[in-house]
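Here the chain labels run A, B, C and D in written order, and each chain numbers its own residues starting at 1.
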């Protein structure tokens, strides 16, 4: 099986930047490219920016677009960066794709922050995307969860088994 | 199989700090603790600092000490941070431990640098340590290599299959 | 004249942190303390957190409270961190304090970002607070402006002489 | 008097980068450019890289070259980045230039480190270079010292009045 990897970005906290003009954080360009360059990765990959949305704003149509894009990719290994609030929901939508290893990750703190979980999470999830059996997974907080058996615990600020 | 994880640090570039008094970089306290805290990991682990050495200075006795410590751990999942120059050699020494998943990682740029591969690598390697079958692996540059089939390509600044 | 320095923080972008629970940036604890520790400064200072507000939310009563606090300080050298949008307005309110050197600064990008103007600005402003003649100044973008002759150019993302 | 500023870099810890191939830190490209871009400074300046040396390696000829370059500049405001160990010595050599404000600064920790005094120091020193009367100064640890009355206290890791 080809180790080829396709990375899709959909927005979320991981990609937030601070706009002084608006005095607020908005989704910016995907941080993925900078993260992979800094990590000096030795594998080839495709990188597709699907949308730039807070995951609370993702519609059913958006999720369907993500599903269609993943399905259309000829890569067997898929990484998706996604806002954390509805990551579990999108993971469930992807479950009918049976022949790929699909891993979703994101961050609680933007990648542009000096202190962030984003870089660790991307590293962690990329490993899972290469190593896990076909299926849909969420890789957060240093753990790999199966889609359908995971939720974000807002109070704890962590993903936990459901 | 228990997912319990034991992390050993041995030094290497990943842990280098700058000592103004000496005008040079030396191995400092392991960066691992700060990395895991920042990543807000949701698994439990043991953390043991075995030595603080440049990997070019590691002796056969040091490697034997690493092997003995890993062997004595009751964890089935082992992560070792290690200097990159002789990481492949230490990996080979560990190959006679057959019932554990042992992953070595490190960094080309110190974790204390603003731009570093250390955090990505630790995330990537921790995932591999949880997911790979028992055996000895090197996780560097976003790839998982089996011990005995990997070397550091100094010119390219990357680990490659051997 | 004593070189004693009193630093007041009032909030603004410089102190913003990202709250995942709210999916937004809010004013957090002042970044000043961390900045001064990292800079390993060799002078003594008092540090007072007056308020934690976006400068667009500062009321006349807030400005009066800032004025009263600065006036009551027995230090001759004053640094105030402040949101950028109404920094020029607060500077004008302080102009009737005639026997102190008062310098306002802030940041266009939060100090907690990996890439920020906050640390440079604090360093720059602290120097101005020590060196300028009594009066009220804004120290931003590597320049010292006199109160009453400066405005924020939102488009350019810079303070300019007015 | 023109506020025009000329910045000279000579090397030192501030510009150190980590070379994995050598397993050591060496002077790299000046960090100044990146620092000024990140600070989004609103003044014009000239930037000249004179040498890339640890200050312990600076010879009398090097100091004479620095003196000549500063003397030849038509700017009245001069900032020099310099290694800390012999910064005080170079400052003394520059004392016969009487019509310029010359400020030396540097860092105890490389600018490329995640935690560094470099950015603060450059901000602080740039302010001093604009504000001080003609003369030669060292701006370190948040203080402005006159040349000839300052030394580096290695134990304390700080510059102190001599």
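Here, a contact is a pair of C-beta atoms (placed from the backbone, for glycine too) under 8 Å apart; a residue touches a chain by one contact, two chains touch by 3 or more.
Because the structure is a prediction, the values reported are computed rather than measured.
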Count the smallest number of chain-to-chain hops linking chain A with chain D, moving only between touching chains. 2
Farthest chain from chain D, comparing Cα centres? A
With contacts defined as at the top, give the pair, B-D or C-D, that has more of them. C-D
Approximate Å spacing (C-alpha centroids) for the pair chain C, chain D: 26
When the C-alpha atoms of chain B and chain D are each averaged to a single point, how far apart are the two points in Å? 38
For chain A, give me the residues that contact two or more of the other chains. 108, 114-115, 157
Building nodes from the protein chains and edges from chain pairs that touch, which of line, ring, star, complete or other describes the result? ring
Who touches whom among the chains? A-B, A-C, B-D, C-D
Quick one: in the complex, what on chain A touches chain C? 13, 16, 18, 20-21, 23-25, 54, 56, 84-85, 108-110, 112-115, 154, 157
Which chain D residues qualify as touching chain C in the complex? 35-36, 38-43, 108, 115-117, 119-128, 130-132, 139-144, 157-160
